[in-house]
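Order as written gives the chain letters A, B, C and D; numbering starts at 1 within each chain.
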Amino acid sequence: VNFASDNVAGISPEIVAAIAAASTGTAAPYGDDALTARVESRCADIFEHQVAVFPVATGTAANALALASLMPPWSVVYCHEAAHILGDECGAPEFFGGGVRISGIAGNDGKLDAASLATALGQRGGHGVHHMQAAAVSITQASEAGRVYAAGEIAAIAEVARGAGLKLHMDGSRFANAVASLDCAPADITWRAGVDVLCLGATKNGAACAEAVVFFDPADAAEFAFRRKRGGHLLSKMRFISAQLVAYLADDLWLRNARHANRMAARLADGLASLPGIRLRYPVEANEVFVDLPDRVSDGLLAAGFGFYPRGGHGDRFVRLVTAFSTIEADVDAFVAAATALTDRPGVR
Amino acid sequence: VNFASDNVAGISPEIVAAIAAASTGTAAPYGDDALTARVESRCADIFEHQVAVFPVATGTAANALALASLMPPWSVVYCHEAAHILGDECGAPEFFGGGVRISGIAGNDGKLDAASLATALGQRGGHGVHHMQAAAVSITQASEAGRVYAAGEIAAIAEVARGAGLKLHMDGSRFANAVASLDCAPADITWRAGVDVLCLGATKNGAACAEAVVFFDPADAAEFAFRRKRGGHLLSKMRFISAQLVAYLADDLWLRNARHANRMAARLADGLASLPGIRLRYPVEANEVFVDLPDRVSDGLLAAGFGFYPRGGHGDRFVRLVTAFSTIEADVDAFVAAATALTDRPGVR
Amino acid sequence: VNFASDNVAGISPEIVAAIAAASTGTAAPYGDDALTARVESRCADIFEHQVAVFPVATGTAANALALASLMPPWSVVYCHEAAHILGDECGAPEFFGGGVRISGIAGNDGKLDAASLATALGQRGGHGVHHMQAAAVSITQASEAGRVYAAGEIAAIAEVARGAGLKLHMDGSRFANAVASLDCAPADITWRAGVDVLCLGATKNGAACAEAVVFFDPADAAEFAFRRKRGGHLLSKMRFISAQLVAYLADDLWLRNARHANRMAARLADGLASLPGIRLRYPVEANEVFVDLPDRVSDGLLAAGFGFYPRGGHGDRFVRLVTAFSTIEADVDAFVAAATALTDRPGVR
Amino acid sequence: VNFASDNVAGISPEIVAAIAAASTGTAAPYGDDALTARVESRCADIFEHQVAVFPVATGTAANALALASLMPPWSVVYCHEAAHILGDECGAPEFFGGGVRISGIAGNDGKLDAASLATALGQRGGHGVHHMQAAAVSITQASEAGRVYAAGEIAAIAEVARGAGLKLHMDGSRFANAVASLDCAPADITWRAGVDVLCLGATKNGAACAEAVVFFDPADAAEFAFRRKRGGHLLSKMRFISAQLVAYLADDLWLRNARHANRMAARLADGLASLPGIRLRYPVEANEVFVDLPDRVSDGLLAAGFGFYPRGGHGDRFVRLVTAFSTIEADVDAFVAAATALTDRPGVR
């Protein structure tokens, strides 16, 4: 049983089947195929809006390419201080952006809030040639703390961004989990709320390697094809990325997978929260449970073979547990039972 | 029937099966999994040498990342003037290399030859700070004209390169076809001949999206992991790239697929070469047939639904036909029959 | 009377004379001249150490090129949050470094302190491939708040840096003012304290456009000449930059100019500090006075034609006053007298 | 006597005087001063056109920044194969352009001709995402062979460029020599002929370190100030660059200096051309004489202390001799006399 990340999960059977189905015959390479066209038209339906969609194989590529499309190299993009683009992409946005800067802002629940953004923008020393220029804002849906942004929160951020002439990017590596959690229309938390470009994740939620950069204003995408190609992210047999996305977006697989993962996280949270000495850090709204575990419990669970990372640098016993489309109730229950057994002893601190 | 590229082909059934087999259960992400380790050990066996191996999803990424590892940004890499890195990667090597320069050298059969390389290096105006510095040589195996470099040819190039302090890179997007054609040990045309790093292709030869950068001197790979990650080319579920490579390299699938494609190309060449007015541009050694077709034949074949690109800029009737692991004899024979019918008329020029 | 910056000052007569003296005859271009050689040998004397010295025309170029020499593109350089490299160079370090990141740390008096640096380094989430890699520390001497780092403070920072494998860079755009203030050997606050590379400023202290990048370990400078050339910072008539530096470093002109500027700042600070409602922000150790002025005083001084920038974003009345080699006592006294007159009225808040 | 380059010359007395005159008092930094404004207004007069002008300290910076302003990183700029931007700037255009490519085209007299440009553009394999995109053309006035482009030649190139959607850049490091040679209006060989941006040199023709990037369409200059600053090319005491340019452009100093240098070159050419065994490579139209010298003459002149570079890689005895504003007739005559004496012997080949 492995809750270390949703990246440890495999592939949804429907997506395996789609790859297999596409594996015979021939098709035009480099995205000039029917499946890739299908991804774009399907996104237009789901988002109820004209879109320009570009499949890529990794979330880091999606984010870095999308951000680079929004701003020149002397730009600053603002985000939460725990954002993946800031802490976990080894400088990919800086590389693709030609030397842009990412500025982290503190905020509760891994979420940027509009007021803090406004303050940060207001504190900038000026707009002259000596300073890098504010150009974009990036938010992560669901956040790095497993919380979701409500439509109103996004709209408030977008208003601040727009007022300062900034574009709004959404890192949606767990976008499906957020939509499932909010039970809203995808449009409500994207373009209707002011999002300019969404990196729509599929890999964590059942695909093998498939993400889509979704521009709600095709003008922002004018140079994307060149950026993607020279970044080495235009796959020759693109249809095998697109096949994953088509299957992912068909028959609500993306939402079914996300709802399941969210339910498993809720079940896990419920089971752990009732134990003595165990505290949830954040309300569980998507597929991540952040919990403080007593050392003895944490050590005991790892010793018993349960998979998770104790989070370094934030506290000895701070643990992130991530569920996926493939998590089963028995896994959750086994984890809770083991934790219960470990806490149910004298001397547990 | 589509001979436009080996990229139009699908996936070998063995590789589809490998993806499916890896799709259940959990595994460590980002390449810390058993399948990825397997790719490296399998390459060490095949190449009879210590290697550092990095799977990526595209050939452009493989080439650009490999070259960037070999030289600082003020470097020049020499290659044949028709090289893929020069003409077909939209500046990816320049981007990943931070502004390096690619210098094309003319040569027969799409091949760089040692003498021309030596001449080009000798003509450089100096080695001072005003000039970009020669740093690497890149050759493509099989060449962009479908010819293969013999071991001795590579060794001669390597000797010139080494004498000038340059590294030798091999773009091996059709490496399997070359090995099959030469019927040699993979080592013979790589490290034994002086190659420092090989980009080993699998996508064109049966994989969905899998290439491997193979360093024969791990010291050259010291920074590769950082370059790959910040290039967005470290896949979170890397095992699904590695699974393709493991299957590709198992049971000689890579060589069986390549031998088949080569045979189909030979059959196609034989069929066409005997027709009046049709001329092969190059001897066929791998899986590509370059042929001059009379306009009427070319137009007629396209009209009949056969897939290929008339090559722009080189002449109206210059055509590249590429076979793949999935090409069947009937496809070849149908093409030849149609060409025969089109030539078998009065008035064909 | 203009205290807006030491950049508003002109050129020391000795330096004008040196330019004129070098203006006749011929000399080898691109730094292969006697004056440029003289700069390096003079620096070796002054710093009592082997040095590799590279003149450039701007401080931003000096800093950006020096930092780029110390680290690969996926690196982080740590500095005080008010550092010039972070806030006033429009991303030049990111550009020359190929996408490096600059991480600002809070600290009193514009100074980084060793303990905060150690904390920041300790809080990093890991050293794996997902994270940009800590590679260098940069400090500004004198600091952006006009304070100077004592030798022991620098040594403490260097110890933390070295312990983490980081290089130590010093932005010395006001290095002369710091040496004059500390009355120490230049070596004491550079290589003896652990500094790897110093950007030695001359422009603010009497030159027209002359800075020198001084490497204390020539190994760090191995690629500098290429970086400088391709940055467009190798002047064809380099001798006219070098002539400025030779004159600057001759007969202690650099220290005489700095001592004078420091004395003028002290006189200005003394004059202002005694006035009611005026508060010095920092002790005055070099040539900058940071002072809170009542609005009425600030407005009155500006109206009277005195030059300075009210600092935006830090408070309405926060003012930086900078003296230079060319500041005369009468200027200082006129400013103080005007401020006195403005405060010597009922109703001044 | 040194004819190695016009970079070996010193500074025109008028320009030294201008630096000295500007060296007292205070002025706004970073180009917000009266002298810098004067440069722009003077250029507008001289070119009879609205211009946006940006002084910088080196020709490499001027060229690289100007080109980067005209095109995105996946672009190709076409120029003559001997162009300075291609062979003598260590990749500065590639660096500032973020990885652009420079493509050299053969041509007589160091000059690009319209027909060859059209052919090169026509041979490009396509305009799709796989290929770097043609974006600009660069010509050098006077050319690297010391020839000048007539207005009609430039207009022909501009027509081809414009027809392909490309911008036209002029490297005018010896622009004054060309204007003096053609005795034309500066407008005639710039915007009237279709040039979009000119790098106007002054350093080779009497300044210490001063070049100006002149945009004839201010829209092309929209981002230049940011590019210049983050390139480290915005001088804090910009007025000392601008002072040079103001003096250079005042009272026709630029043209007087150029006319003198051109005359000295003509005198030198005349003197040499009459000698047996000495052959001029190109007609002398500006301030450069390219000549084939017998070994014995070349060696003898060097031994006698005359300064010039035997050009490596082009032939043992191929020599470039460059005159400057400061060359005197006696220098020329001494050189010719020495050459005469060396040729006037039996056995000279």
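Here are a few things to note about the model shown:
We take it that contacts are C-beta pairs under 8 Å (C-beta built on N, C-alpha and C of every residue); 3 or more make two chains touch, one makes a residue touch a chain.
Everything numeric here is computed off the predicted structure, so don't read it as measured data.
Annotation: A-C is the more contact-rich of the chain pairs A-D and A-C, by number of C-beta pairs in contact.
Ranked by separation of Cα centres from chain A, the top chain is D. Mean C-alpha position of chain A lies 52 Å from that of chain D.
Between chain C and chain D the centroid-to-centroid distance comes to 34 Å (mean Cα coordinates, whole Å).
Chain A and chain C have CA centres that are 42 Å apart. In chain C, the residues that touch at least two other chains are 30, 73-74, 89-91, 94-95, 98-99, 129-130, 226, 229-230, 234. The part of chain D that touches chain A in the complex is made up of residues 30, 72-74, 98-99, 129-130, 133, 223, 225-230, 234. Contact residues of chain A toward chain B in the complex are 2, 4-5, 7-11, 13, 16, 19-20, 22-30, 56-62, 64-65, 89-92, 94-96, 203-204, 208-209, 226, 229-237, 240-241, 307, 326.
Residues 73-74, 87-91, 94-95, 97-102, 122-126, 129-132, 312-313 of chain C are the ones that touch chain A when the two sit in their complex.
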